[in-house]
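Please find one structure pasted underneath; my questions will follow.
Each chain carries a letter (A, B, C and D) given by its place in the written order, and its residues are counted from 1.
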Amino acid sequence: MKKSRDVYILFSTLILFFLVNIFYLSMGWLDFWGKGLGIVTGAAFTLAMYSFLYKDNPVFKIAENLFVGVAMGYWIIITWFNILKPDVFETILVPIFKETGTPPQFTILIPTLLGMFMLLRFSKKLAWMSRWSFAFIVGLGSGITIPNFIHAFILKQLTFDSLIAPSIPVSINNFLVLLGVVSVLIYFFFSVEHKGVVGGISIIGVWFLMIAFGASFGYTVMARMSLLIGRIQFLIRDWLGLIQ
Amino acid sequence: MYNLPNILISTVFVFFCAFPVFAAGGKTLIPPTDFEAYDTPSDNGKGVSLRWPASPSESIDTEYVVFVSRNIDAPFVTEALRINSQTMYEDNSDFKYHYAEIDPENILRKSSAQNNQIRKKEKYYFKLAITSGSSIVETGKLASALPKSDWFDWKKLNNFVLMISFVALVLFFINHARKSPNLFIRKISGLDAIDEALGRATEMGKPALFVHGLNGMGSISTIAAVNILGKIAFRIAEYDTTLKVANIDPIVMSVSQEVVKESYMEAGRPDAYVEDNIFLAASEQFPYVAAVSGIMVREKPATNFFMGYFYAESLILAETGANTGAIQIAATDSYTQLPFFITTCDYTLIGEELYAASAYLSREPLLLGSLRAQDIGKGILIVALVVGTILTTLGVGFVSYLFMAG
Amino acid sequence: MIERLINLDRRIIFMFVAIAVTVPLLAKFNLPVRTTRDVENIFNKIDSLPENSHVLIAFDYDPASKEELQPMAEALLHHCYQKDVKVIGMTLTPGGTGLAVSAIENIGKQYDKTKGTDFVFLGYKTGVELVMINMGENIYSAFPEDFQGNPTLNLPVLEGIDSLKDFDYVVDLASGSSIEAWIAFGKEKYGFDLGAGCTAVIGPDMYPFLQSEQLNGLMSGLKGAAEYETLIKQESSAVAGMSPQSVVHILVVLFVLFGNTMYFMSKRNR
Amino acid sequence: MNFLKRTIPLIIAFVMGVTMALQYYVPHEVSQSLLKVVSRWGITIGGFAVFLGAYSLFHLHLTKIKRKLPGWGYSTFVFLGAGITIVFGLYNGGEFFWQDKQEGTMFEWIYFNVQVPAGATMFSILAFFMASAAYRTFRARTNEATILLIAAIIVMLGRVPIGTMISQYLPIAADWIMSVPNMAAKRGILIGVSIGAIATSLKIIFGIERAYLGGGD
């Protein structure tokens, strides 16, 4: 009974969507061969995604799977044109067979080979070769992380602002910042039981954390609402033309 | 080798130099009394540092110009630097000195449109002048410098010392924990709630649901989550309840199956282990949300565990769970999602508490040791912050100097 | 009664949200946007740049954050082109390439700018911090070609640019953790002025960097974009979005207050 | 064999890690050239990672189709979407993939009219769930949650134009929350997380943490 109602809703929505588009196209409000077809496609995908709000349904699943596929395809093609083609194909392969004015850079063979080894992760027999590539990348990443993080996120973040500033509000704020940083660090200190003074400071740390999470909460609500506003703007401006 | 235009320009120069003091709008320009050039310390062998005392004729419309040449006899025509006279004071010099770092080779190459990549090691000569409007007055002293490469950046000494000490701390404590795995870790308050929640699930005869988050086995959050899952599974086996684990990553799923199976064996209940209870719910974020929410609504688990790294799906999962009346315990280091867990779950382990909980439960020396080392690192920074701020307040900049980023 | 109110069908609440967003958009009332210091700092920095300075804009976001970051990117580009500043674009997100190139080129056309001399889009490279480091050492090594495959060496727009430190200003528009990477492996390592725009989700996490001056300014979310549009006096979709944003925030606050009142009342009844 | 499979990777990670960490402190030209070469290599290797992602995705959906798991029919759409996009990408507006990338091709049409609207809409769905959670579940269960919600309400109202109309102090209060308590807590978190990241990097370099090598021997 319930299922048949869902099917009914699904089909009437689809029919309504087609009717609206046919109406718009025939009235010339949407220009089919120009941007019109693209806008209709975009509106279709937007509405298909929102159909999840009613409940998980086939239209949403088809749209989502198509999207996942397209995004992967786009990633592959962009990687070809932006990385593999200029950095590998045109620096090694092309100069070997064609006079391009620059000799082939054979040193690039090393990362190319390591890159190909990486793909052996899926082979049962040769998976161990992929470890060389991962070791290279992960070792490199770890090595550059350590000193740069110490510099940018520890030394630069330790600010020693005087607690006696020219104005009282600034002094109070400087004190609160110090208290906040120290108490939060103490909250994440696991080698001492949170009792007595340490316990007290760690409770202050929790307050600071909660205010900060409140700020994040507010901002996240703002972010999601902004995304929705953008999509509704698309629907009623670009598709339906209700606003300019 | 002088070509004609150069000779012309140098002649003009000689002409200017013949009248060292020019009247500019009735104002006399006094050139700086001194001028020095030297190899920039701790650099890659390209830079030259220039330093000179401030001139009394500095004003908004006065500029300093530095000319560079490869040869002491050659004319100084290439401008290496042109700055407003009231800028680029040396730090902590109280506006008494100017300081600039330049790359003379780069400047000379650009001016002569040469593009050969090879750099010669040679001495550069510099001449300083002060200028305003059409008048220009040079400092009598020529300065020269030979840039050279250095093998250690002394400005980064404190950084280096910190790194070495932290390496020592981490290695020492991991070794220490291997020998004596009884390193103290404070109680994590949310952990006690696990027993309570499982007890309730047993009473109600309903399953407990464990959700990993979206990340794969490569993420520390997932590893920590799987560690905790092992302990939860052990308790579940003892209590004789059902445990369901909804996965999104096939590798995480097979690891979880192993871990849970082991825990059931340990608890002496291998018969109670059902492999299908640890399943792949979906492979994409939103279908996963839909699938897990569906399980929550249909089976109404008594307890939901959200442990690992979460993205936007956290909100929908935790909301659905809260509305089915389950006790919810969350543990995540994804700070952007924590607010939603705190407002919808009964207990939430915040950030690093997730790792601490996993170390606390598993007593793994690797985790314990590195946790302790990190604590000591934090301790040092806390002390530095407090002492440094007190000293700064008293007007002593010693600690802040030690921790200055180079 | 209270129980029924608390367990109101989700879909009714969804309707409220849809109405709260759509009606203010249709009614077309714009609310005055108060600008904040963090956004003004970015505006003033670009405003103070002399003609032909070089600004690098990293479009590190993909379609998922388009509605927040694209208006920001557009406002920023309008300002750069108005000031006759040379714009160099790049991205660390493969999905961001199309959005970035369309913004740079379409807005460039409005100001009669030419590709290659006034602006260029370098395209996508993977490896985040490695890209920044490689650009910091030599930008032509990281990007031997631009997005359309033209060699970058001798491109007029890049004249005088050798590496990251030659840029007069760098702005990162981010939906992920790329701002932290730009700070640690770009700004702090190679020394340039860095501003950032980000989704509101990560906005609050950026405040430590503002205070330590590792970021000179910050635009967060659609609100940041609206402020920038106000500053360059070209009010567009972000400013138009502020009225539904206001209404829907009020709605959420009312929901929280109402929900909690119900919760405490039902608790007391029990 | 064990040497190739286990020891060599650990040596590579160790050598790379130690060299690159020390490189930071050495301003010499030689060290700079090393950094330039190695970072370029890293980018090239990273380029191949796209195939790892593609393989996992396609493998997953192929398995679903092969085993006829529930909802397997939908998995075919992943291949359909990817297939069309890749074909048009390689066709490159008639210039084919070995030429420079063309503009205004069908490949771009798919991007702008499928990937952009679908991707942009995906997370806006959460706007609705956010509101419903606000109504039904965001409860001041504990003192902590109460502080959180109060801060959230001030920030939410203070950050939109209407906040100024309610009270002129709201934006000021929101600014203060953001730049004092929020800043302090986020800095504490940042320092803690950075120490954690450094510790993890050290463990990888010294071969203590090996999860990245994957399972097996």
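What we mean here is this: a contact is a pair of C-beta atoms (placed from the backbone, for glycine too) under 8 Å apart; a residue touches a chain by one contact, two chains touch by 3 or more.
Quick caveat, the model's predicted, so the values are computed rather than measured.
Peer 1: Give me the set of chains touching chain A intersected with the set touching chain D.
Peer 2: B, C
Peer 1: Does C-D or B-C have more contacting C-beta pairs?
Peer 2: Contact tally favours C-D.
Peer 1: Can you compute the centre-to-centre distance for chain C and chain D, using the mean CA position of each chain? Integer Å is fine.
Peer 2: Going by mean C-alpha positions, chain C sits 17 Å from chain D.
Peer 1: What whole-Å value do you get for the distance between chain A and chain B if each is reduced to the mean of its CA atoms?
Peer 2: 19
Peer 1: So what's the Cα centroid distance for chain A and chain C, whole Å?
Peer 2: The answer is 13 Å.
Peer 1: Show the residues in chain A shared as contacts by 2 or more other chains, in ascending order.
Peer 2: 52-53, 61, 64-65, 68, 71, 74-75, 79, 81, 83, 85, 87, 140-141, 144-154, 156-157, 177-178, 181-182, 185, 187-188, 209-210, 212-217, 219-222, 225, 227-228, 230-231
Peer 1: Indicate the residues of chain D shared as contacts by at least two other chains.
Peer 2: Only 21, 24-25, 32, 40, 42-43, 46-47, 49-50, 71, 101, 111-112, 115-120, 122-128, 130, 132, 134, 136-139, 144-145, 148-149, 152-153, 156, 159-160, 178, 182-183, 186-187, 189-192, 195, 198, 200, 202, 212 qualify.
Peer 1: At least two partner chains per residue is the criterion; list those residues in chain B.
Peer 2: 156, 159-160, 163, 286-287, 323, 335-336, 339-340, 342-343, 351-352, 378, 381, 405
Peer 1: Hey, which residues of chain A end up touching chain D in the complex?
Peer 2: Touch list, chain A to chain D: 37-39, 41-43, 45-46, 48-50, 52-53, 58, 61-77, 79-81, 83-85, 87-89, 107-108, 110-112, 114-116, 118-119, 121-122, 127-128, 130-150, 153-154, 157, 173, 176-185, 187-188, 205-222, 224-225, 227-228, 230-231, 234.
Peer 1: Which stretch or stretches of chain B touch chain C in the complex?
Peer 2: That would be residues 106, 323, 335-336, 405 of chain B.
Peer 1: Taking the complex as given, what residues does chain A use to touch chain C?
Peer 2: These residues of chain A touch chain C: 53-54, 71, 74-75, 78-79, 81-83, 85-87, 90-91, 140-141, 144-145, 148-149, 151-153, 156-157, 159, 177, 212, 215-216, 219-223, 225-233, 236, 242-243.
Peer 1: Over in the complex, which chain A residues touch chain B? Could you list them?
Peer 2: It comes out as residues 52, 56, 60-61, 64-65, 68, 146-147, 150-152, 154-156, 158, 160-164, 178, 181-182, 185-194, 209-210, 213-214, 216-217, 220.
Peer 1: For the complex, which residues does chain D have touching chain B?
Peer 2: It is residues 21, 24-30, 32, 60-61, 64, 71, 122-123, 125-126, 129-130, 132-133, 136-139, 141, 144-145, 148-149, 152, 189, 191-193, 195-196, 198-200, 202-203, 206, 208-209, 211-212 of chain D that touch chain B.
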